[in-house]
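Note that the chains are named A, B, C and D in the order they appear, and that numbering of residues resets to 1 at the start of each chain.
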């Protein structure tokens, strides 16, 4: 209290990827404000893509230059190996998702217009478009980048909200089936806000326990502060609720199918890939950096959550009749598999590295496949828009074998068949788990995988072994963007399935530096 | 006297003994692969191959005679069949060469006969192919120098038998009979196989020379087990009780087949097996006893069945069973019996083939009618057939100085010395033989015509009668030639051993007289019942005993009740269990998971407040769990 | 020369090539040529194999995923060599046999043949893999082409059958995955190379668990009783050609895996579980045969006979005597030819009449004697008639088993009787008796079909009388395997001095 | 002394939480969430007092800002769906289920 306030030191270079994305988002808002309507789209798309690409380049540059060993921005943001890897992953996935979003068919012309009203008619006539989608998306991506890098709980909370709030809006912007879209937005919003409150309350309790929201300081306090264990445990549990909600782990998974189904498919793709990656990054950081000393306590709890998640995801998925809901449940199940990787983090650096790198690899593999799968979903349409009902997919293999084949390939990757990326993802976390003595969990994992395989296989049966319906959906000629997305995803799934070594190396290197504490 | 050592041999006819097998095999292959193209000359090629095989056999025999008796066991190495288990080679010794001569000689005659018999069959070529296949397999069976190769031949003849019984496979009865023969034989093979496994487990070799030469070193328990298992195999192949049931049905095959396979050669393979494995049986008294009991039981059963059959071939088949029963009985007695067993086997081969072919000739004349009640008075229209058949008949009932008189009575005498009960039962069997064979002859060739209106019997062509004539010559003189002076026993001794003291032949012995008397009574009884009296065209209702005989001693009924019905029931049960039980469990598990899913997804109500509740409760559980775990 | 990689490479390139050909007929011919090239190459390789040389020959090892200790490692010993030969011999035959199969469903012909070649590459890979992980990869990945072949080109119930097949196998495979991971972790060698892993697991309890993980997968794959129910469905619904590869080769991966991995990696556990496995095998032999007798569908019947036969193979593997082991290996090969012939000829028959039900036939022998004759030969090989190669293997298995386990061998021999019943009864019902009205105009085998059947029958006959070439290759490999399990053959009660033993 | 504040905070949080569970009107539900956030704020401030540093008070401001942003988004979404459905009951939005 000497009257002078030290100016905080900010490592701008380290944070450059974040700043680029947020900056572009703000420019986007300005564009919305000042650019004429007909120009907006033309400005937004290159701006968005370039900023994402630029951020990616900066992240790569940072990685090459050397991974910092200290948190940046006065300990608020940790740009370490895993964070950079996750950033890279999120940025690529976001880039790919933007290619999907580019197709304006997905978004409503005027969100304010009541479905079926004259206003809506008019907006269609005017070919109105919510070009705000792009800046919103950039904000969400910025949040996603910040979330796993947040080194204190406050930043994590803010990042969580920055990530989530635009997504709530984006969920409600579907052009078709607007009632469902709006419902998805309401549900996601209410439940998201609800769970954020838990996260925040957990933060408060931990702050009360440790006297700081800085993860490293919390971890230090674990050994030293006595008599307030209840605060600590409940606080950790509340934090867990907030994070597990974002992951969609049972019993916090309920929102996922509804939101995934109702949202515009490109947004679903982004959520299923980017959000999941970010949430896992944050989960790892919070529990591993902040509560690392408490792992004897949280590991058993996560054990139960992981088992429940895998089983619920796998079992509920098999009776789904909607392709997007099915993929949502599949995503829940995969969340469970990924949790195995979290539990597999061990006590020695080597064990940690293998678990962490496995998890990172899994995230990359799963992210690409998911985006690809949802991209395919956008292409299978009938008169009412995308054909979600599985029965409409019957015989697709005969009508457009290439697309159906690619989708089948994605499904096999989800199922974890060898020579697809999904296999190595699963293998990596399973192996880490066995190495750390979590073999029972792995056995549950493989049983769940076997159950899960059923519904992936069922879709293949429908597409290839059933005869097409007479009025079946048609496959639209993909826009260049969508085609590129499917292509990139398929390529990634193949390459990671046949020669995963480079990405594994990368993940390994990233994981080796571990999280900065 | 112990069997002689086996000497490795090469060169000469014996060195080329494999040609015996190869020639008919090639014949079969050419005829089967050549297809319809070989229709024209198929039967000629078949005959040629059989005759060529006989020539090789005869030359080998000559060469063998050139060696001193102690050097008459010649081994020929062929190749390594199953490395580590069995090398294949041939063993040409007095025992096998006797069989070779019988098989190829009778076989050739039957081949020739078949040219005429099958002349009108569109598939005659295929018939000859199968016959050739049979000859090859049978020769392999007897020439093999180890149990594996023997088994290959053993199954080969089974296959040929299957194919030939079912030759007219468009007839369901023929197809069923063929299948039955194969399956019942497989039951026998089951025993034989396990016997072979036991031999291998005991000796780690399957070569006759090693196994039989060392048999005395094995424990008697092992030898008994092996002996009994081999006996099971022999029972299957030789239609001995309790595996006799297939033989009667096997008469569905063309008559030459019945003559060659189901009378002269294949069915005697069991006897060969027992005699060949002599050292094993000699070390196992119990097994020998069982062999003799089986033999006696079968010889009586076969004879009884023969008394009641109206189907000429089935009556002969019963007789075959019975005669093989005699051979088995003799084979069970030991070295004294071996020679008689094989001698009777050879003479039986001639006279029974003679009679079967004669029966075939009759059927050929009578539009393939087999019911003797529709025959009668054929002696005048078919003189050659009648005379040759009569010779065969006299031979089998043991009419003095004909073949059967020497060989069968030899067996009876030996049995009597071995064990009086067995001996008297064998005598009884001979008496019944006298009855049923006479019945057959009287019903067929004597009495009044009971022909179907369409029947126009005539004598068969020369190609069929000449084999009959040749066979009947054998039926007349072969017995005396073999038995008198212990000629055959001496010849066989290097192969199977011989008793210290050669038995001497008594033309007039109490046993012989008793046998003759009983046979005469039987024949006379038959004359009164079937020769002089009118034979009803339809079988009359019969006493319990006759029905018992007509129904093959209820053998089939027994099989049906004991195996077939329970088997069908078991099969149905197993199929049901597999579909509902095993597969039901799998599908049930899947359905269970699906059902769980269907119910569980109802939890996802769609109401945001229920989702919030799950989060709220989840948070509570999480916090609770944490507290519990943390405070542990 | 990297033989094995070349073989797989040619197949894969062929598979790609087929998809590029625009004309269906050309695609078939192309596939046939590719498969024949692979066959020729394999024969060329086999000729250079020296049975008494190194255990694994033609070895190629490259790092694939160093981080996981995974290699691309391929090589063959005698066991693998004969199984690869089996696979590459069957593929051209299946190609020829399936000439019109894919057209029946009006599905893409090129895809079918492309899948066939992909499958061929994987079949070679799975037998050649010397890296446990690589083996697993092929083990699982193989399911996919077969899944599509059954599902897209099969009979009325094809999707049910395909899904059941895939999920059942996948489930087993996943259990094995756990065991594979645990093996790697516990061995702690940082490598998946088979030769480095042999003997690393010393703790018997650990061995038992890992053994179970591997064994259940293999038992499902083989399939052993009671994991067999997917097979009748899959085989009955698959097109005949796919059924041949499924039962003839894919299922052999299970028994091959038992011999190679279960025995060598976990010798103590293998000995511990031997009674269990032998019991399952014997049950399978008798049970499979009995259920086969009760079938009304030809292809299901053949599938159940295979359940019985796989019982023999597994029993031979676990009897752990040279004779039984070699016999089991030989059995795998012979069974491929024998069941292959049965399935294909039954397929020809079904193609003509359009029904799989035995009751719809009768008296075919009269109208199509060659078809009936070859069917009989194939059937006789299934009941192990001496003179056909299956006899040699069955005899060896039983002889070898009897040396150590008398009662199971005796019960298994009952299978010999039952085999006669199911085959001959089926033959009688389809081929014998009065010619059924519906088959009166059935054509006999055409030239193409004869070319399909001829090699199989020839192989059955040649190896029936002269199995030495195969056994000379198999015997040293099996002996080596057994010595690494450290078992020796039981001694005879009566030693007989003789040469050549 | 600060314990009372913490108890109050916990109570408020619980009331907010239960409110979310029992109220049907989307606006009220949302206000309950806000109540929970404010309970957190109270906790933060209390702990700041207890721990003797200012971090907690600072955080409270951040939370308020975030809450304000949340309101903006939330109201927009709720109003949209209200216009469509003429109802603000969260129980009416249940098309997506199972």
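Definition applied: a contact is a pair of C-beta atoms (placed from the backbone, for glycine too) under 8 Å apart; a residue touches a chain by one contact, two chains touch by 3 or more.
Just so you know, these numbers come straight off a predicted model, no measurement behind them.
*Asks:* Higher C-beta contact count, A-C or B-C?
*Replies:* More contacting C-beta pairs are found at B-C.
*Asks:* I'd like the most central chain, judged by C-alpha centroids against the all-protein C-alpha centroid.
*Replies:* Chain C is the most central one.
*Asks:* Return the distance between the CA-based centres of subunit A and subunit C, expressed in whole Å.
*Replies:* 44
*Asks:* If you average the CA atoms of subunit B and of subunit C, how many Å lie between those two points?
*Replies:* Once rounded, the distance between the two centres reads 36 Å.
*Asks:* Counting only Cα atoms for the centres, state how far subunit A is from subunit B in Å.
*Replies:* 78
*Asks:* On a C-alpha centroid basis, what's the spacing between subunit B and subunit D, in Å?
*Replies:* Once rounded, the distance between the two centres reads 96 Å.
*Asks:* List, in ascending order, every residue of subunit D touching at least 2 other chains.
*Replies:* Correct list: 17, 20, 29, 90, 93-97.
*Asks:* Which subunit C residues reach two or more other chains?
*Replies:* Within subunit C, residues 167 contact more than one other chain.
*Asks:* Do you know which subunit B residues sit against two or more other chains?
*Replies:* 590, 601, 604, 606, 608, 612
*Asks:* Judged by the touch rule stated earlier, which pairs of chains are there in contact?
*Replies:* According to the stated criterion, the contacting chain pairs are A-B, A-C, A-D, B-C, B-D.
*Asks:* If we count contacts the way the header does, which residues on subunit D are in touch with subunit A in the complex?
*Replies:* Residue positions touching the partner: 6, 9, 13, 16-17, 20, 26, 29-30, 33, 36-37, 39-40, 43-44, 46-48, 50-53, 55-56, 59, 62-63, 66, 69-70, 73-74, 76-78, 80-81, 83-85, 90, 93-97.
*Asks:* Tell me, which parts of subunit B touch subunit D in their complex?
*Replies:* Subunit B reaches subunit D through residues 601-602, 604-609, 612-613, 616.
*Asks:* State the interface residues of subunit C toward subunit A in the complex, per the touch definition above.
*Replies:* Residue positions touching the partner: 64-68, 107-108, 111, 136-138, 140-141, 143-144, 147-148, 151-152, 158-159, 162-163, 166-167, 170-171, 174-175, 177-178, 181-182, 184-185.
*Asks:* Show which residues of subunit B lie in contact with subunit A when the two form their complex.
*Replies:* So the residues of subunit B touching subunit A come out as 590, 593-594, 596-598, 600-601, 604, 606, 608, 610-612, 614-615, 617-619, 621-623, 625-627, 629-631.
*Asks:* In the complex of these two chains, what residues of subunit D are touching subunit B?
*Replies:* 17, 20-22, 24, 29, 90-91, 93-98
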